[in-house]
Amino acid sequence: MSRPPLSKQDEGDGMTSLDLVPTNAGVDATAPLLEVRDLHVEFKVRDAVTKAVNGVNYSVNAGETLAVLGESGSGKSVTAQAIMGILDSPPGRIAKGEIFFQGQDILSLSEKERRKLRGSKMAMIFQDALSSLNPVLSVGFQLGEMFRSHLGMSRKDAKAKAIELMDRVKIPAAAARVNDYPHQFSGGMRQRIMIAMALALEPDLIIADEPTTALDVTVQAQVMDLLAELQREYNMGLILITHDLGVVADVADKIAVMYAGRIVEHAPVHELYKRPAHPYTRGLLDSIPRLDHKGHELYAIKGLPPNLQQIPPGCAFNPRCSRAQDICLTEVPALAPVTERDGTELVGRGSACHFWKETLHG
Amino acid sequence: MRGARSAKWVAGAIVIALAATACGGSDDDSGDDNDSGKAGGTFRMGITEPVAIDPYNAQESEGILVTDNLFTGLYEPTSDGEVVPALATSKEVSSDGKTWTFKIKAGTKFSNGEPVNAEAFIRGWSRVAQKSAASDVAYHMAGIAGFDDVQAGKADTLSGLSAPDENTLQVKLSAPDFEFDIKTSHTVFSPVPEAAGDAKNKTYNEAPIGNGPFKMQGKWEHNKSITLVRNDDYGLTKAQLDTVQIDILNANNGVTLEYQGFESGQYDWARMPTPQLPTAKAKYEPQDEWIQQDTNGMNYLLPITDNGPMKDQKAREAVSYAIDRDAIIKGVFQGMYTKSTTILPPVFQDVYQKDLCTSCIKQDKAKAKQLASEAGLEPGSTLELAYNTGSGHEEWIQAVQQQLEDVLGVKVTATGKPFAELLEDQQKSGATGLYRYAWGADYPTPDNYLFPLLDTASINKDSSGNVTGDNRSRYSNKAFDDLVAQARASNDPAARNELYKQAEKVAMDDMALIPLWNRTQLRLANTKEFANIEMDFHENPNLAEISQK
Amino acid sequence: MTELVTGTGEPTAADPTAAKQGAEPSVARVSQWADIRHRFFANKLAVVGLAIIVLLILTAVFAPLLAPHDPLRQDLNATLQSPGSGHLLGTDALGRDQLSRLIYGSRIAVIVGLASIFVALSIGIVLGALAGYFGRWVDTVIMRTADIFFAFPLLIGAIVIILLMGRGVLPVVLSLGVFQWATFARLLRSQILSVREMDFVHAAQALGASRSRIIRKHILPNSLTSVLVYGTSNVGIAIVAEASLSYLGVGVDPEVAEWGNMISAGRGFMGAKDFMWTYPSIAIVITALGFVLLGNGLRDALDPKLR
Amino acid sequence: MGRYVARRLGQLIVVVLGATMILFACLFVLPGDPVGQIAGSDKARDPAVIKQLHEQYGLDEPLVVQYGNYVGNLVTGDLGEDYTQGRPVTEILVPKLGNTAKLAVFAIAIDIVIGIAVGVVAAMRRYSIWDVSATFVTTLAIGVPSIVLGMIMQRFFVVELNWFPLIADGSFKSMVLPAVTLAIIDAALVAQLARSAMLEVLRADYVKTAVAKGLSRRTVLFRHVLRNSVIPVITYLGISFGTLLGGAIITETIFNWNGIGLALIQAIQQNNNPIIVGVVTISVAVFVLLNLVVDLLYAALDPRIRLA
């Protein structure tokens, strides 16, 4: 496994890339499909600066699913938008960092080159399909637009392709509904259309930003299954952004937990569930209602997420953390590798907590 | 005889017209204008939309401008209150004043080739009188025998008109009238060709075929333009101008547009808005482009003499004394008007009696107060002063209102109303107080003021007691009526004038009308490009005589 | 005539989404007003607008103290004086002091502006509320009537009323009010319809609140906000319409010291005595601007996402 | 759709009838005989002529009968005859309506082209000098009433600079100033509206989607942003026809533009009731008709709107 060295890591600042276990073990990829290095994004509004992303590192391989977990405002969506190149700019800007896609530093590309990547190489699925589809254009048109714009297809051919896509995402009577408008579809169907749109040009990477949050629980499962199925079929990398730990368990290979614009913990999915190494992750896990804990009071993390214009010094989580000590108020914990009690490295794991040991080993 | 050349100025007097020093000074300039001009050129001017340009209903200055140049009748008025023959080569009146015989110049033609003969006159005059015409100027024909039958629809032709031969017109009147020849100078007495048809012939109404110095080019483009071109077959002295381009302007700001048009070189003739007069005068008088001329019009306050606070002659005189005409003229009218001291306009030089109205000469607060108290017009009582809105009377009415209040201590309610309402108010039995009023004659004779405005016969109340005539002050004095009747029966112009002067004095002593100021017209004329420009009796440019320099 | 969209013809404040934003449960209403006030005063231009209007109203109230002369006092010996020491803004054709007329003119502007909107709001709120609550035939009758009044362009409708009633302040107030109520009625109705369907109203119903209590405590307060705000910003429109009517010769009586009259009187002096129409023009422009800024400020304060 | 239009047209007729009824009642209880005096003069008409005219115009009939006759004639497009020249009102007003329409179309074109262009530029370059100046200029423009603007422009461009003809002859050149005067407030409002609509749309999720799809900037702007931003503008233009017709009175008076607004003012001065009734009837009918058109256009632009 060879990757370009991470300069920051070499300088010994304790940062580490997300070196997660590739699930498609047989493929010896020369480089991850996507690698984000020390990404900083800030929003300048009036006099204040909102630091939305503060040094994020992660990577995704082909065929792999990375779940990015966090409360709203944790920077998970902003990171995704930075990758796609669709940040609102101004006021948003990338202050620092690099994003490698298929070995290429895409932040150094021209806008035109970025545009060519969008849709064809990397695509995004948004949370609210109703608002994410243009209300005044037919779904067929919006699907066909992908082919017309990127492949220069005729209107007619594009429409045929659109019907094909709608079939693929299992929309009944696709040919009859191709001229319908978004508001004429149900929520689940709309999200299928979003997925179809993202898949249209068979991209290598899909970013799904809370794709099922707006849907009914039964529909959620159907849509997630469809997404997972298609991912396997095309061997795409998938970044699944969510605040819902329940969704993640079945589909993700690895998880990155974000808090206040940083990754506070990363781990293969089952390990994280079993043994969290960060108090925040633990809190999240404890707040999932569980059948076997019936009768217990439901746990909730106390306090509110930090104001991103005034992130607390030291560990951003300190005001809400039950383990917080003096050091947490002054020193920012680095994202450090996590080991067993005996010092065995836990592959693909890391935690940004001064007291990860205590958390992990109880 | 009812009537006034009911020009739009009468209602719209102040904006459009400003009386000026009654000196007729522009006549002095005529020497300069006698450069022998050459034919050709286009004369451009603006007017407001006329009611009609067909002689059957042409009535105001604007309509007459067009009709007068399309048609030539028996006589023509001159700018200084005379009439001169046009197509008439001779006239003869019977001693009873009831039969007139006119000889008509032979061989002239309408622009469509039809002959202009006695028949053409009979045709034209009868056409006006017909019931279906509903002509506002048909009353001019009322003295001709057979008028009532034609009006009632019983006949088509006025029975009093006959043609003993091709070029002789005989007119029989139902009552003596020794001034009938003067009346024929009005455009309503124009001849028309057979092509005219009846008065409701739209085609002809919009593009009359006439026998005048000009003819229509195309038809009347309503609210847009009328274009006249020279009639090269004209039977009298031919015009010089090739074309007259008349734009039809919005009545609201037509005056301003004319002035601005003259300033920017788009017009060769223009009226001026009152406020611009001093500037315009200073600029254009030295360039000899300023025309200032007395015309036949008067502005009065009309007192209701049979009822209310103005019933007493002394009350009327008190009002007259209380008004400071000089101050209003100087302050409001930029000094461009002259005050009136008579009922008849100074343009009728033969009968003009300057300073006949002693209360008009100078404001006299003491006399005003004394007369008011004698008449029972006590301080604190209320006096109505009504005027029509939208015609620029607001300012001077406000000034008069304040002067009356200050001097007499009365409460003056100045009410502006749309004209129809004002008229109905004036006509109603039970009307009281003062009204704004103005008058202009249809043809140059004192009778055309005195009889319709002040004769008892002109009150003409209907069954419900409403006045239907033009004597809306309801002035009635037998002595006055007798003098007017005597004048009308006299065949001697000099004697007639003397009687009119006496009648005017009787009415003035009674303060039957309260004179305010005279009407003097001011125009700008492009004397740089055109020669012989003058203002005619109708306050229009003398298009037929103008030539290019 | 437009039931296909809520609030066609109404300002953006009537946008149903805006209504949702602005209309939180009535418990939160105090803070809603506080929010509006806070956002309003944070907007500098809005404060400038408010200052202009406060100044205008003060001028109107204290006109007798501020005016150096009687606005109706004529001085025929000093007509058309250029601005100078005796008369700061000159005199008109009757020698009346222009500055004093300008100051007194603010009274007409304020009276007509406020009174006509008051008339329009009163009619509009009563009828709009009736239509919104009762629905069915009441709604149909009221809204079809509103359509008829709405179909008259404001100035044209006003001219018709003034033709009937004659010139004067009262006819102008009534005519401008009578032809503006339809807009308010429609706006209120659509607000009520959208508020009525909101969760907190359903919640109140579920808790067994009486119909009249729901209307009084929940629906009306939440529906009225944008109607009142829109009404405020329409005062400026009424003032300009009033001046335009006077300019056209169908407004208040001509001797009244009023800006439109002054412009109309000065119009003929264009080029010669431009001061006669420029000062009243400036007064109208500043007033209109004040109301535009105030209206924008209120709109933005009410619905910040439109900024 | 067809049924909707039919129903709306039915409503339109009710509205026009209601409006004319109000108007009729107002005008015909006015004091003064509308044909009592010779137009524009102090002179009363000859009673014989008055009688003839009353017969001609049916003025002796009861008001209800007059209204019935009016409505009956209205159906055939006959608006009666005017009181000064006795010409058919339609014949007088149709060319004037054409002139007003010319002016209005020009004005609306200015509203749309300039208004939207300014709004789009301001929104795209938000907070830039362009945006700030646009906000400043449009706010100012909204605050300058047409009576003031018209006079200033006439004074400056016609009298002073002589750039435009004084006399409106219907030519393009003579149309510029009145059209600009008529358009400017609405253009400014359209610009502000377009700006805020555009800002809202730019923030919309579907625009992010469009960008994420890799569409070119132009495609995103014209296909996804503009079309959605234009919808509120269209709605606004629908109601602004009312202001436009009112504004036409002022503009046409100032610039002597021979349209129905000017005809109305002149008719008022001459008590020419048939013209007043005609102008108001036409304005009301045109206004409601245009609103119908706008609603249809609105539905065509936004498929979420169902015409029912």
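All chains are identified by letter, namely A, B, C and D, in their written order; residue positions are counted from 1 within each chain.
Quick note on the criterion: contacts are C-beta pairs under 8 Å (C-beta built on N, C-alpha and C of every residue); 3 or more make two chains touch, one makes a residue touch a chain.
Small disclaimer: the values here were computed from a predicted structure and weren't measured.
Looking at the partners of subunit A and subunit D together, they share no chain. Comparing per-chain C-alpha centres with the mean over every protein C-alpha atom, the closest match is chain D. Greatest centre-to-centre distance from subunit C is found for A, with centres as Cα means.
Centre-to-centre separation of subunit B and subunit D, using mean CA positions: 40 Å.
Distance between chain centres (mean CA atoms), subunit A to subunit B: 93 Å.
Centre to centre, using the average C-alpha position, subunit C and subunit D are separated by 21 Å.
With each centre defined as the average position of its C-alpha atoms, the distance from subunit A to subunit C rounds to 52 Å. Residue positions of subunit C touching 2 or more other chains, listed in rising order: 163, 249, 267, 270-271. Shown for subunit D are the residues that touch two or more other chains, namely 30, 159, 253, 265, 268-269.
The list of touching chain pairs reads A-D, B-C, B-D, C-D. Listed in rising order, the residues of subunit C touching subunit D in the complex are 1-5, 8-9, 12, 45, 144-145, 147-148, 150-156, 159-161, 163-164, 240-241, 243-244, 247-250, 260, 263, 267, 270-271, 274, 277, 281, 284-286, 288-289, 292-293, 296, 305-307. For subunit A in complex with subunit D, the residues that touch the partner chain are 81, 84, 86, 88, 115-120, 123-124, 126, 128, 131-138, 145-146, 149-150, 181, 183, 194, 197. Across the complex, subunit C meets subunit B through its residues 72, 74-80, 93-95, 163, 166-167, 249, 253-255, 265, 267-273. Every residue of subunit B that touches subunit C in the complex is listed here, in rising order: 15, 253, 255-256, 273-276, 278-279, 324, 327-328, 330-332, 334, 389-390, 394-395, 398-399, 401-402, 414, 416-418.
For subunit D in complex with subunit A, the touching residues are 203-206, 208-216, 219, 223-224, 227-228, 231, 301-304.
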